[in-house]
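There are two complexes below, and they share chain A, which is joined by chain B in the first and by chain C in the second.
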Partner chain A sequence: MSFLLNTLTTKREVDTAIRDTLDKVLVLRFGRASEPVCLQLDDILAKSSREISKFAVIALVDIDAEEVQVYAKYFDIVLIPSTVFFFNAHHMKMDSGTADHTKWVGSFQCKQDFIDVVEAIFRGAMKGKLIVSCPLPPEQIPRFQLLFKGL
Partner chain B sequence: MANLADSFLADLEELSDDEAPVPDEDEAEVGDMEEDGDDDMDDLEALNYDELDSVSKLQKTQRYNDIMEKVEEALQKGSDISGQGMVLEDDPEYQLIVDCNGLSVDIENEIIIIHNFIRDKYRMKFPELESLVNHPIDYARLVKKIGNEMDLTLVDLEGLLPSAIIMVVSVTASTTSGKRLPDDVLNKTIDACDRALALDLAKKKVLDFVESRMGYIAPNLSVIVGSAVAAKLMGTAGGLSALAKMPACNVQLLGAKKKNLAGFSTATSQFRVGYLEQAEIFQSTPPSLRTRACRLLAAKSTLAARVDSIRGDPTGKTGRNLREEIRKKIEKWQEPPPAKQPKPLPVPDSEPKKKRGGRRLRKMKERYAVTDMRKLANRMLFGIPEESSLGDGLGEGYGMLGQAGSGRLRVSVAQSKLATYRATRAFKEKQYGSSGATSGLTSSLAFTPIQGIELTNPQSHGNLLGSGTQSTYFSEVGTFSKIKRT
Partner chain C sequence: MTKLQKAKASMRPLAKKKGESGGESFEFCEVCNLNHDQGRRHRYFPKHSRTLANTLSRFQNKLSELQFFIRNPSFLRSEHAALNRIWCVFCALDISEIGDYFVCGNAIRHLASELHFWNLKRYLWKHGGGIDRVDLFRVSEADLLKWEKGCEALKNVASSSSEGPIGPVLGPSKDIQFKHELNSNKMDSFNNHSISSFSSNVSHPVLPLQIYTNENYGVCHPNDNGSATAAHVDKDSIPLSLGLRGNVYILIFRFVNKSGVECKRVDFKGKRGHVETVVYNIGTDYRESNGALQMLTPIALPSEGSPANVHTGGLPPWLDMCDEREKSLLNFGAHMNNHAPLAHKGKSKKLNPKRVGAAWAEKRRIELEMEKTGEIVKDSVDANWLPNFGRVWQAGTRKESRKEFERENKKMFKDVLHSEASSMLQPYISKRMRMGSSSKVEAAEPFIEQQ
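Showing the complex of A and B:
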């Protein structure tokens, strides 16, 4: 939502972003600009975008766009905002004590938390790991209950 | 007291025989004799310290009177720029100005001499005043105003001095140990004060004259600092060429007031600024930048003075350029620093950690190093079961500690290399000094050899070899001279 961050709407754009970000963590936020939690997350992303610009790139993806539904289905995005991390076109997983390791659900409590998470992903990725553990203490991690849709 | 006075009289009368024809040298003697008390001086006719004229002669000299006359006429004539074609040195006005410079220095010295005179005379009346009021002219004015008055509340000192000092003076006067002066001494003192004030006035006139001609003499300098300050600088330096020869740091300090009166705060006194303080550029800079501005000003004005002294630029253009430069620099200092951009964080693990080395780190690491004792305890001999703390293989093993094969239970507390080095040095120093009886490592606790640990002195081996007279080769007590740690 911020004017500093790119919003991606088409599949091609998302593809380009994932492919072309080399040696930097790509942070893709899936969400809607009208939602308050999304707004909060976007604010944090915008503030820290310059600080981590040397090792991370941030982009926003609007899940209301049609072309993006493919990705939403692929990543199994139910709750928003959800953040997915990539490094050199590899999908990075993070174990933060929640059930879902493939993405980060929800917002962060403060900017430093977000930077810590991105740094952990970067370090893990540089070492060649595909899954890293979360550096945040459990209190700072937003918990969500996964209710199955349509059952 | 009478005997003292008589003995002094006797001494001085001897001196007076040699000195009667030359009253000038009195001043030097007088300086030593001040403690005698002025009353004694008055009786001695040989020492003419009594008479103002003997110490202050400037006003009587021909030179002084000539120059003052000329200055008066020149001041009345108004500014008169003589023809530019003339070479500077031939111009009579220039000569007059050069003379004025010399004269102003002389006047200053004269004022100091007279101030000493007044001070000595007035000491009887109000001794503390000289330490409260330093400036000679202020002192003279005060003395004139107070006269022989004992009660200072009757004297109105407003306008002569800043009110803080007036207050201190009044308070001190109420508790002073001085007495009234006799009339003739008083008259002489007042006379001297008048003389001092007249000299001060003359100096002001001279300076005014020089100032009015400043634009002609030193155009560049007066463009930068203003003609009043330029005149003062030139006057104190003793001429334009003298000013030009001074390094800029000296120019900065010309005219700086030195003393701060005892008891007054030094927080307000500005350091290291002289006449330049009165320059307009200096006054208009904010206080935080004043020191830098003063240094800059002194440097550029020295340059201008040098240009002027060789008459390199009579139009004053150099001065204007320099002034512009100064102004620009001061403005640049005042502009706010550029806004800080938030720096992006560095890539994690991209910068290798700077490892430090050196003696300090080595010493720190030694504290955690494995000691010899632990090394011995870690090793074991083949085929020989080790002893342990709880016996029978239970508890901590002792390894080679205390094994017969290793030589001794006495484990030397081997010191680190560093400490060894230090100990060797200290030991060598001690060797030349003490009888070398005991070294600091021998313990007074005496364990029997079977149990416990004895600290051996690793230097004792050195000692044995040190005494060169007896060879230790066949010695029974001597061991290897150099034991390498394994």
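Showing the complex of A and C:
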């Protein structure tokens, strides 16, 4: 499904995406197109891209690309798929009960969950909040273990 | 046995029933149209009191019209007697005006009667309407006497000034003539045009209403001066009834207008002293049937330069004004286009200035516009630019975390460079081994081998 969405492979492209998306949430998915959980997430992203097009933009970043590694390090991406949210070139955090508030690790159970998350981020961003709380119930949030720093 | 005695006798068993302990036997409430076993309590229920209030207020409205005719008795035409009916709620009987010479005569007599009074009291007691309101729903004896005197006076005047005997069914033309003469001396000023319209009808026989029409009630075409009205009155118009209400003189005609619709024309002397005329379609003649008139306010149309209307085949005003409106709309559209918002937004309302990255967004927007116009070179971005990111193990502001990352990046870069230079791997040799290596090399060997 990644052919339906923009795939970014260079740092420049990622920079452009972050800088030029104004007053809309930028959803950056870091992952690999061949990985099954990534595929599931890509499917959800592709299906909901039109519905959230008024307030969000979705872009995929290939984690295997070399130029993107600096971003992978900067964003501390160790598990894929990881989704990072931006609004007006500012990173948006979400407290979903997991240890990592900076990104969303894993896929979503359904399209509506994803839309709800993006909506919550948009609403918080419009109010001037840099961190928002997750609207989903805990059972629908994928759990993972965070690897230690420096490893 | 008189009627009253019979009625009382029939009521007695009911009264006994009420004396029993309530809540057991079912009885029918006429007000609510409901069978209930609440006994005497039922009349205090809110629904019952509401229904009762509605019924009584409706009856009171009918009676208010009746009051007018008590104060101003007038003759009733025989062909309209059949149309005048009233249902007395308290006595549960229909009062018609057949055989009566005066408008609402039978009704007035009934309301003044003892039977009605007794029924009224019984009704109010049974349903709890308030016994003190008895006088509202009946005609007192004094009023009845006044009315009868008025009727007598009318009769006497009519008989004294008539050319011949006036029976119950008079030629309507003569009646109208006499009524006109009767009332003319009461008028301060009366438009002669109306008089001429009277005389034009004198010679024609009156046709009773064959069909009881029920067409839509509405103002046909109001006229605002006497001269115009005279021209509109056909020779087939039938004068209906005459009445006097305060200083307003009322004359009603029934006729068929050009389009074949039965209309009613009401001439009345308005407050300004001249005769005003309103023409109505014959509608629900309930108001007419019981003889009472509803006074509606006529609207005077501009007499000079009146625009073409529906009847004369003119254009409706919204189509007439089409040209002007189109011009104004065009101007409006042009105005809007000049102030069109940015293409990608489409929202006219302002974005929250406190939103995340508002300053960045405004700045970037200006830069993009300038890039479009060509003032700035596109994408002159530093290759090392990083967005504002709050790291996982963040301590301090996001700027600090970015700087920390950049430092780490540089350090890593240097480390990588250094490590490339020394790529040879050496096994670990402990101090003991190094010291003892010179003296006991053989003893250390198995130790090293183990490692």
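Operating definition for what follows: the second predicted complex is superposed on the first by the 145 of 151 C-alpha atoms of A that agree within 3 Å, B and C clash if a C-alpha of one lies under 4 Å from a C-alpha of the other, contacts with A are read in each partner's own complex, and residues count from 1 in each chain.
Just so it is clear, contacts are C-beta pairs under 8 Å (C-beta built on N, C-alpha and C of every residue); 3 or more make two chains touch, one makes a residue touch a chain.
Note that the structure is a prediction, hence the values are computed from the model and not measured.
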item	value
Touching partner for A:Ile52 - first (chain B), second (chain C), both, neither	first
Partner chain(s) touched by A:Arg32 [first = chain B, second = chain C, both, neither]	neither
Chain B versus chain C as contact partner of A:Asn88, first or second or both or neither	second
Partner chain in contact with A:Arg123 - chain B first, chain C second, else both or neither	first
First, second, both or neither for A:Val70, with chain B first and chain C second	second
Contacts of A:Lys11 with chain B and chain C, given as first, second, both or neither	second
Chain touching more of chain A, residue-wise (chain B, chain C)	C
Contacts of A:Ile115 with chain B and chain C, given as first, second, both or neither	first
Where chain A meets both chain C and chain B, residue numbers	126
Touching residues on chain C, where the partner in the complex is chain A	345, 351-352, 354-358, 360-361, 364-365, 368, 379, 381, 383, 385-393, 398, 405, 409
Residue ranges of chain A touching chain C (in the complex, touch as defined)	11-12, 15-16, 18-20, 22-23, 70, 73-76, 86-93, 100-102, 124-130, 146, 149
Residues of chain B touching chain A in the complex	342-349
Residues of chain A defined as touching chain B within the complex	50-55, 115, 119, 122-123, 126
